[in-house]
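Consider the two complexes below, in which subunit A is the common component and subunit B and subunit C are the respective partners.
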Partner chain A sequence: MQAKTVNKIATGVLYIIAGLVILILAALLGYILVNGVPHLSWHFLTAPSRAFQAGGGIGIQLFNSFYLLILTMLISFPIALGAGIYLNEYAKKNWFTTMIRTAIEILSSLPSVVVGLFGFLLIVVKLNFGFSILSGAIALTLFNLPLLTRSVEGSLNSISNLQREAGSALGLSKWETVLHVILPAALPSIVTGVVLSAGRVFGEAAALIYTAGQSAPALDFGDWNPFNMASPLNPLRPAETLAVHIWKINSEGIMPDAAAVSAGASAVLVIAVLLFNILARWLGKVIFKRLTAAR
Partner chain B sequence: MAQNTPLNTEKPTRNIYQFGEASEIALATKNLHVFYGNNEALSEGDLQFERYKITSLIGASGSGKSTFLRSLNRMNDNVATVKGEIMYRGLDINSRAVDVYEMRRHIGMVFQRPNPFAKSIRDNITFALKQRGMKDKEQLDAIVESSLRQAALWDQVKDDLGKSALALSGGQQQRLVIARAIAMKPDILLLDEPASALDPISTSQIEDTLLELKEKYTIIIVTHNMQQAARISDYTAFFHMGKVLEYDETRKIFTRPKVAITNDYISGNFG
Partner chain C sequence: MDQIRESLLKTSVATKKERFGKTITMAALILIGLVVISIFYFVASKGLATFFTDKINFWDFMTGKTWNPSTNGSNGKPQVGALPMITGSFMITVLSAIVATPFAIGTAIFMTEISPKYGAKILQPVIELLVGIPSVVYGFIGLTVVVPFIRSIFGGSGFGVLSGTVVLFVMILPTVTSMTVDTLRSVPQYYRESALAIGATQWQAIYKVILRAATPGILTAIVFGMARAFGEALAVQMVVGNAAIMPQNLTSPASTLTSILTMGIGNTVMGSMQNDVLWTLALILLVMSLIFNIIIRLIGKKGELK
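Right after this comes the complex of A and B.
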């Protein structure tokens, strides 16, 4: 066959495959949104859930999801940043760093339900943190850390070595160069990575079922003292998140409008993750522009 | 180098060596050997560089000239093993006891590809100075202006010093990088093919800049461009297969080379 014909066939096949991926994605998203969006209302988004009657909302679960996300990021980002900087800027290639990289690789392919059960045994039972936001955040950190570390490492790696040479040629130490030259330049990409991983954490259920728990006790949104049991900020209260709520309704929900609540909650979850993705791109672009274009 | 105290023969009493007086010979290498792993990239480098002169290092790709240049301010520390002495103001700066960060402020470097920081034009120049504790805004502004003037960039950028350096053209970026290097007030400026990624107009501007900088700095430049070496340099060293085959006044190298290979190279028969 002629090279030209082969090229045409290859291009066509690739178009079909790409189209198929988009079609599956669009069908899934469309199904969830079409089924879920009609159930959305301010009441649904803010009211507490009901176990036996119709008309319950997802207010507490939604809040729990965001609170857990913030807590997880507060724990995992500094560690991932440090590990990423070490791996990309300081680590020499030897058996020790190869081992770290392999460990990260393995950790990132660990099924989240295994992370959840590990968190249950270690954090909930052994360390006696109970079903709590803190237990959930630690479990999610284990789940999130490998991917975030690699994303930070990748962001730093994409900064040209010319920048590092520029730093040393001016008599700056490695740390000064990393802190003031490499990190700012990598910031857009790091932020994008963080927000994308936030989307992944937000939608995670399996790791939380046995750590953050499956109950959402009533919260008093007037009480912001983190030491009070009814305070939304209390990190030691059990906290069912949105994703766990969806799983729970579908497996053992007995409220009459379970299907509707599940559809609505799923739509909210998908929209939130979509927003995270759009935010990631937008934020990355804005920061990149600020750094490179006219100020 | 007669008045200098050869501190390197004594045991260091402090971690940071004190540099001695400047002399007519700005930099000298003795018995320099550079290894990449077990491969010797440079086996002979006994060169002396005269102060306030431009010295060109020429030679084919892989002849060891860039390796040599990068060894001079220890940029090869992490990639190669450098043996031998590099004498600067009476000190062997290839010694482990020397504070490399301090040393590199005396011996600055400009690379082949322009590498401005992703910062504003002003911050590109002031950043390293601020890191060294210079805070006075007027003083910093004065250095920004004087170094940009010396690099022949001031008139083009004086109105938007807050603009990102990445928005400049390649030639402007390279001159900004030169300005950034001379803002540190180095003695010696090492340039690794500074114009090879630039168009002819930017190249000739850079050359003019270098000829002006010669008044205050000792310049050592690696170049692939024979005409450039002939145009701007006072001395030329010809590198071939890791050895310096010939080192003399540029005029002599280009008119009456002593070695046949040098003649072949500069007349374009190989390389």
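Right after this comes the complex of A and C.
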């Protein structure tokens, strides 16, 4: 009898704990959305920010966030893909592989502020790129590489060895097998991994404060020549992203409507992460359907 | 004859492609290795300059309680005692892990053992979403909700270790929970079945069998959460108060390694002593994340033996 009473009490306690956690998480999400969504308007999403007056928007910051994300992915994806292929297809179990795996693990656990400071020291100061989108993209690449590499490796690892054997039996070299058989088969889950990591990159701020900078100069959205200073595409201009913007206006405290702007910007960030999560799964499914006969 | 011989001995196109592919993928991998090595080299060389170039005593740095790098103390040496920040970082990390652990384990058990259907359908996606929420958003919520709340209850400014703990607790909760869920799911189903078959109640099966089997994985999840809390910069910086003094109590303004680092690095000149000491703080962060890494590996190894 006693064991049954204990069982009931323990189950009750677990229900309470889970209920509390659900409550905390729901309150958190609810607070962000309820406070943020009313501030969202076309004007808020497109207007440039104002430092000393109320009524500014987040247009430039939003554009910077997306541009930085695309540049980061352009740099980090090929490297992560190569590294993932080597680790899963070629690497033998020896000291070199163990060492590299350890290095990747360490890189993934480094605090992002340390990665940002390293980017600041090497790229901004030593290589003299200044506070720029390019510096920010390289810093974010360092931050993104370990996770992306692991997700690529995981995707390749989930492909059955039968496919590799079939490739070898047809007389294909290992590289040709990887390129024409394994990669297409792994594509859906690779894409899912890439989009999920994009969500993480999109909200990162600590690594960007001292690499992409904390200022958002006015942009001329009619000028798409990447070599002009006012052009949105210029990779060498300083660019404050949305996440950095939230941090900056809250720690400076000179913007009169900082709380409203950050509430709106937080809601945008959370919605963006949500969209990335949904997009990741949806894209993975769509590509899987297109590549296979599972219609 | 010679033609056949030649074509047999010559490197084929496929082999050339193979070599090409192997080389570029290996180059990508080596690049990552080089990045890690150079991070360590640069941060260490900058961080150690405090002791070798600026001749600051290592022990004074680690145990000094006054942080004021721009002025000299009574002994004519710069006041660079990092103990307040080290204490702040450790306090916030340990406290948030202590608070988060029971919640994370309880929720994970609920999701895997008690109500798997509800857990997988509702809790799982919400937790996955929360893992991805940017840390500045947590910081902003902390600033607008947690800090005023603590101010109204305990008085003072509301900034301090307690606010930092609350923010980090909410921040690492999803991470620790989802890792614990993975661990509990990897406990073989026949463990549960055999426990129930010999007459254990569900709680006995959970407490005496499943949790025991999952201990290494749960420990890893907690250490992982602590590593994340220790390295978190902006969310903490926004609520901790950033006063580089020893924390008197949980509600007085304090500081962490990361908060002083983010505040200070833009206001000091590269290569000066004031700048070097900040790099030393970064080096401490780097070493601590290494230590967390080693702990996780040790737990993994111990778990393997069972």
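To be clear about the criterion, the second predicted complex is superposed on the first by the 267 of 295 C-alpha atoms of A that agree within 3 Å, B and C clash if a C-alpha of one lies under 4 Å from a C-alpha of the other, contacts with A are read in each partner's own complex, and residues count from 1 in each chain.
Basically, contacts are C-beta pairs under 8 Å (C-beta built on N, C-alpha and C of every residue); 3 or more make two chains touch, one makes a residue touch a chain.
Please read these numbers as outputs of a predicted model, since none were measured by experiment.
S.K.: Let me test your reading of the model: by the given contact rule, A:Ala83 touches which partner, first (subunit B), second (subunit C), both or neither?
M.R.: In the superposed model, A:Ala83 contacts subunit C only, not subunit B.
S.K.: Looking at A:Val34 after the superposition, I want to know if it touches subunit B, subunit C, both of them or none. Which is it: first, second, both, neither?
M.R.: So A:Val34 meets neither subunit B nor subunit C here.
S.K.: Residues of subunit A touched by subunit B versus by subunit C: which partner has the larger set?
M.R.: In the superposed model, C touches more residues of subunit A.
S.K.: With the two structures laid over each other on chain A, which partner does A:Ser173 touch: subunit B (first), subunit C (second), both, or neither?
M.R.: both
S.K.: Between subunit B (first) and subunit C (second), which, if any, makes contact with A:Val181: first, second, both or neither?
M.R.: Touch status of A:Val181: first partner only.
S.K.: Which partner does A:Ala54 contact after superposing on A: first (subunit B), second (subunit C), both, neither?
M.R.: neither
S.K.: For A:Glu165, is the partner it touches subunit B (first), subunit C (second), both, or none of the two (neither)?
M.R.: Touch status of A:Glu165: first partner only.
S.K.: In the superposed arrangement, which partner chain does A:Leu291 touch: subunit B (first), subunit C (second), both, or neither?
M.R.: After superposition on chain A, A:Leu291 lies in contact with subunit B alone.
S.K.: Residue by residue on subunit A, keep only those touching subunit B in one complex and subunit C in the other, then list them.
M.R.: Common interface on subunit A, subunit B vs subunit C: 172-173, 176.
S.K.: Please output the residues of subunit C touching subunit A within their complex, sorted ascending.
M.R.: Counting only subunit C, the residues touching subunit A are 14-15, 17-18, 20-22, 24-33, 35-39, 42-43, 46, 102-103, 106-107, 109-111, 114-115, 123, 125-130, 132-137, 139-141, 143-145, 170, 173-174, 177, 200-204, 206-207, 227, 230-234, 237-238, 258, 261-262, 265-266, 270, 279, 282, 285-286, 289-290, 292-293.
S.K.: For subunit B, which residues count as touching subunit A in their complex?
M.R.: So the residues of subunit B in touch with subunit A come to 73, 75, 100-105, 108-111, 113, 115-120, 127-128, 131-132, 160, 162-164, 166-167, 177, 180-181, 184.
S.K.: Quick one: in the complex, what on subunit A touches subunit B?
M.R.: 160, 162-163, 165-166, 168-173, 176, 180-181, 184-185, 291-295
S.K.: Name, in rising order, each residue of subunit A that touches subunit C in their complex.
M.R.: 3-4, 6-7, 10-11, 13-15, 17-18, 20-22, 24-26, 28-29, 31-32, 78-83, 85-87, 89-90, 99-100, 103-107, 109-115, 117-118, 120-122, 125, 142, 145-146, 149, 172-176, 178-179, 196, 199-200, 202-206, 209-210, 243-244, 246-247, 250-251, 259, 262-263, 266, 269-270, 273-274, 276-277
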